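Input: one structure, supplied below.
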Amino acid sequence: MSDTGPAIETSIEAETDTARGDSGGVDQQTAETVLSARDLEVFYGDERALKPVNAEITEKKVTAIIGPSGCGKSTFLRSINRMNDMIDVCRVTGELRFKGKNVYDEDVDPVALRRKVGMVFQKPNPFPKSIYDNVAYGLKIQGKDGDRDAQVEEALRRAALWDEVKAKLDASGLDLSGGQQQRLCIARAIAPDPEVILMDEPASALDPVATAQIEDLIEELSRDYTVVIVTHNMQQAARISDRTMVFLTGGELAAFDDTQAIFENPKSQRVEDYITGKFG
Amino acid sequence: MSGTDLTRSATGVGGRTDSLVRYVFFACAALSVLTTVGIIVVLLEGSVEFFRTVSVFEFLTGTEWSPLIEPVSYGVLPLVWGTLVITVGSALIALPVGTATAIYLSEYANPGVRSVVKPILEVLAGIPTIVYGFFALSFITPQLQRVLPWEVGTFNAAAGAIVVGVMIIPMVSSLSEDAMHAVPDELREGAYGLGATRYEVSTDVVLPAAVSGILASYVLALSRAIGETMAVTLAAGMAPQFTTSPLEPIQTMTAYMVQIGISDVSVGSIGYQSLFAVGLTLFVMTFSMNVASIWIRSRYREEYR
Amino acid sequence: MSTTNPFEDVSDLDRKRTIGRVFVALCIASTMVGIVALVTLLADVIYESWGWLSLEFLTYPPSRFPESYLPGGRGAGIYPALVGSIFLIALTALFTVFLGVGAAIYLEEYAPDTRTTSLIEANIANLAGVPSIVYGLLGLAVFVRFARMGQSLLAGALTLTLLILPIVIVAAQEALRAVPDSQREAAYGVGATKWEVIRDVVLPAALPGIMTGTILSLSRAIGETAPILMVGAATSMFVAPDSLLGPFAAMPMQIFDWARLPQAEFQHVAAAGIVVLLTVLLAMNAVAIYIRYRFEADLP
C-alpha cells in the first residue's frame, strides 16, 4: 500500500476493520467532482424508478451504492453511462454531468460517453473470442493506437489476471473460471483507459475466493480510476468503498456520505434500520 | 404382507392397457425410423438394378445425360451441374439477403415492425413451390427478357436460381434470427459498455457469437435448394447440359426425376431405374448436408451454458 | 462549473455513424426483398388470373381447349383436382394425426432417455430435410408397386403422410412439452395410471397446439406437387375421385400440367388454379391461427 497516492492513502489504510480516520472527509474538498446528478429522475413507462437524485461523485474514489433490491440502485448506475437508452420505455429527466457536461444533452453521443465511462456487469460476459481479443476489442473500436500487445498485457496485469493467462492468450475467454472471466471483463473495461468504471454487482455471481480477488482489485483500481459500484452486500460496501450511497425502496437516495459515517452513525432512522438489517 | 395388497395383480392397475398403448405409441415413433430405412432400401434397390446396366464409373463421371434418346448415355454430371448452378445462384441471393434480414429483425427492428415482417416471411415460406415455378415462368423470365440485352430462353437457369433464392430467404432469415436471438443480451451490453456502436455490436459480437447457427441455416437452405423440384422444373427447363450461361436452360437432378415421372417410361426399364440412381445421388447430397447442419448446431450449443 | 466538452476528443463517431446508417439501410433493403417478392408474386398471380376465375372454373373438369375456360365458354376448370386435393388432405390428416400424435406421445411421455430415443429424434430431424421428391420415389416403390395400390388416392395420401409426419411429430412434441408437469403430477396424485394421465390430462391440454401444428403441416402437404407426381396423380380426370384405390387428380399437379402447356392462354388457367390453391391454403392457415388464439388464453 506504500505506493498509494497521498490523497487517498488514509482511506485505503482504513480498509482494515479498525476505525477510519476523519481525513476522508477532508479529502473530499480537495478531490474533484467527476459526476454530478441534478434532480436526476428515471421513469419506466409511467412508473418512476428513481426519485430526483442529487449527488456528486468524486474522482479516484470508490463509491458504493447499496440498498434493498428494486430500490433503483442499478437504474442509477445505468443512467450514468446511458445504458438505460437500450430500454425503449425508459425516460430520463434532470441532469447528469460528467466533468461538467450534461450527458443527456442533445449533442452527446452515448457511444462517446461510454468510452469515458466503462462498465463491468453482474454476470461475467466475455465475448466468445480469445482472451487477447476480448481485451483488445475496446482498444480496437475506440481506435486507441499504440503497441496493442503491450496495452493488452498492461490491462491484464492491472486486472491481476496476467500471470494466469499469459500462456494462453489465444484460448477462448469462455474457458476461464467465473472469477477469471470477471477479471477478464474488468481488464476489457480498463484497457481503453476510461475515467470512470461502473460496476454492477460484479462479484454477486462469484464464490468467496473470487469475490475477495475482485475486491482487492477494486482497491487497486481506485488509484487510477473513479469506481462506482453497486452491491447488495453491505459488508462489501464497508470493506471497499470510500463513499456510500444508500437507496431505499421507491428509488429514493436516502443517504450519501463517507462510508464510515454511513455505517457508524447513520443520520436517519430508515437508513439505520436498513444498515442494521431491520428491513430490506 | 398383511393389510392392503398393493401389488399389480391385486389392484389390476397399470396392467394390460398401459403396456398396450405404450407399444402402439412406440410403433408410431418407430415408423419414422422405418421411413428412413424404406427410403434407403428403395433407392438402393432401384439403383442396384440400374448399375447392372450402367457402371457406377460411367454414371458418376460421364458428361452426357441422354437416357431416353439414342444414342443413350448415362453420365449424371450434367444434372449435377444443373443442380449446382441453381444452388450456387440461389445462395448468392438468399445467404446475404437472409442474413441481413435476420440482423435487421434481431438487432434493429422494433417489436412492432418485427411482428409484421416475421409473419410475412412465414407466408413467403408457406407458398407452394409450384407457385414459385409459375411466378418464374410468368414474371421473372419475361422481366429478364425485357431488361437484359442478351437473348434469354423461355427456360433459363437464372430465373430458376432467382426464384429458389427467394424461396429459401425465409429459411435463412428465420433460423439465423433464432441464432442471433439466442445470443445473451449480456454480450451486447458488454460491447455497448465499451463504447461500441450498434453496427459494431451487430457485426463484431452478435454475428460471431451466432455464427454456428447461421452456418447451420446456410447448409440447411442449400440442402433445400438442391432438393427443390417444381420451381426449377418449370423455370429452368429440361435440357441437361453443361453451360456457364445462366440464360440458357439446364436440367437439375430433380427436374429429370419429374421428366421421368410424367413420361410413359415402363416399370423395369432403364429409364425407370435411372430414377432411383439419380434419386440416390440427390438423397446422399441432401442427407449429408442435413447431418452437417445438425453437427454444426450441436457444436454451438456447448458455447453458452 | 467548466463548460468544456469532455467528449470533444472523440472524433471518429461521425464516420462510424455513416457506416452504421449504410449498414441499416442495407439490412432494411434486404428485408424488403422478401416482402416485395411476396407482394409481386401475389400480384402477378392475381393479374394473370383476372377474368379467368369464374364459378364454372370450380365446378367443371379441365379441357384441352383454352377457350372453354373463359366465361361464356363451354365450361372447364379445376373441379376434379379440387375435390381430389380435399380427399387427399382429409385422408392424410386422418393418418398423420394418429401416427404423429402417437409418436410424439411416445417420445415425450414414455421414451426412456436412451440412445435409441435420441436416434429416433435425430432421425426425425433428418427426415424433415429429405427432398419431397424422394418421398415420391418411396411412395412409388412401396405403395404403388410393392403394396399394389396402383396410382391411387390412398397411395398419394400415404406418401404425403410420410412426408409431413416429421413436422407433425415435432409440432405435437412441442405442444405436449408445454403442458406443465404439475398437471401430470396432480393426476398421478389421485391414482391415475400413465395412460389415464395422458388421455385425460395431457392430451386435452395439448390438443390446440397439436391441431394448429397439424393443420399447418397439412397446408404444406396440399401444395406439394413432386411426391404426388411421382406416385402418379392424374392430369386428365374429368370426374372427381370416388374410390380409395382409384385414380386421383390434385390441384398442384393440375396447375403444373397447365403451366407447362405451350399455349399462352393456359398461363391464365394455371394462375386461376393457383388462386384457388392459395385460397384453400389461406383458409387452412386461418383455421390454425384461429385455434391458436382461441385457446392460447386457456393455456397456463
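A, B and C label the chains in the order they appear, each numbered from 1.
Assume a residue touches a chain if its C-beta (ideal position, glycine included) is under 8 Å from a C-beta of that chain, and two chains touch if they have at least 3 such contacts.
If you're wondering where the values come from, they're calculated on a predicted model, not measured in any experiment.
Undergrad: Could you pull out the chain whose C-alpha mean position is farthest off from that of chain A?
TA: Using the mean of the C-alpha atoms as each chain's centre, the farthest one from chain A is C.
Undergrad: Which chain wins if you rank chains by how close their C-alpha centre is to the centre of all protein C-alpha atoms?
TA: Taking the mean of all protein C-alpha atoms as reference, the closest chain is B.
Undergrad: Go ahead and note the Å separation of the Cα centroids belonging to chain A and chain B.
TA: 50
Undergrad: What is the distance, in whole Å, between the centres of chain B and chain C, each centre taken as the mean of its C-alpha atoms?
TA: Spacing between the chain centres: roughly 15 Å.
Undergrad: Check each residue of chain B and list the ones that touch at least two other chains.
TA: 197, 200
Undergrad: Would you pick out the residues of chain A that each touch at least 2 other chains?
TA: Residues 111-113, 115 of chain A touch two or more partner chains.
Undergrad: By the touch rule stated above, which residues of chain C touch at least two different other chains?
TA: Only 13, 16 qualify.
Undergrad: Can you check the complex and tell me which residues of chain A touch chain B?
TA: 81, 83, 86, 88, 111-115, 118-121, 123, 125-129, 137-138, 141-142, 174, 185, 188-189, 192, 198
Undergrad: In their complex, what parts of chain B are in touch with chain C?
TA: Chain B residues touching chain C: 13-14, 17-18, 21-22, 24-33, 35-36, 38-39, 42-43, 45-46, 96-101, 103-105, 108-109, 117, 120-121, 123-124, 126-135, 137-139, 166, 169-170, 173, 197-200, 202-203, 220, 223-224, 226-230, 234, 254, 257-258, 261-262, 267, 275-276, 279, 282-283, 286-287, 289-291, 293-294.
Undergrad: For chain C, which residues are in contact with chain A within the complex?
TA: For chain C paired with chain A, touching residues are 1-7, 10, 12-13, 16.
Undergrad: Show me the residue ranges of chain A that touch chain C in the complex, using the header's touch definition.
TA: 97-101, 107-109, 111-113, 115-116, 143
Undergrad: If we count contacts the way the header does, which residues on chain B are in touch with chain A in the complex?
TA: 110, 184, 186-187, 189-197, 200, 204-205, 208-209, 303-304
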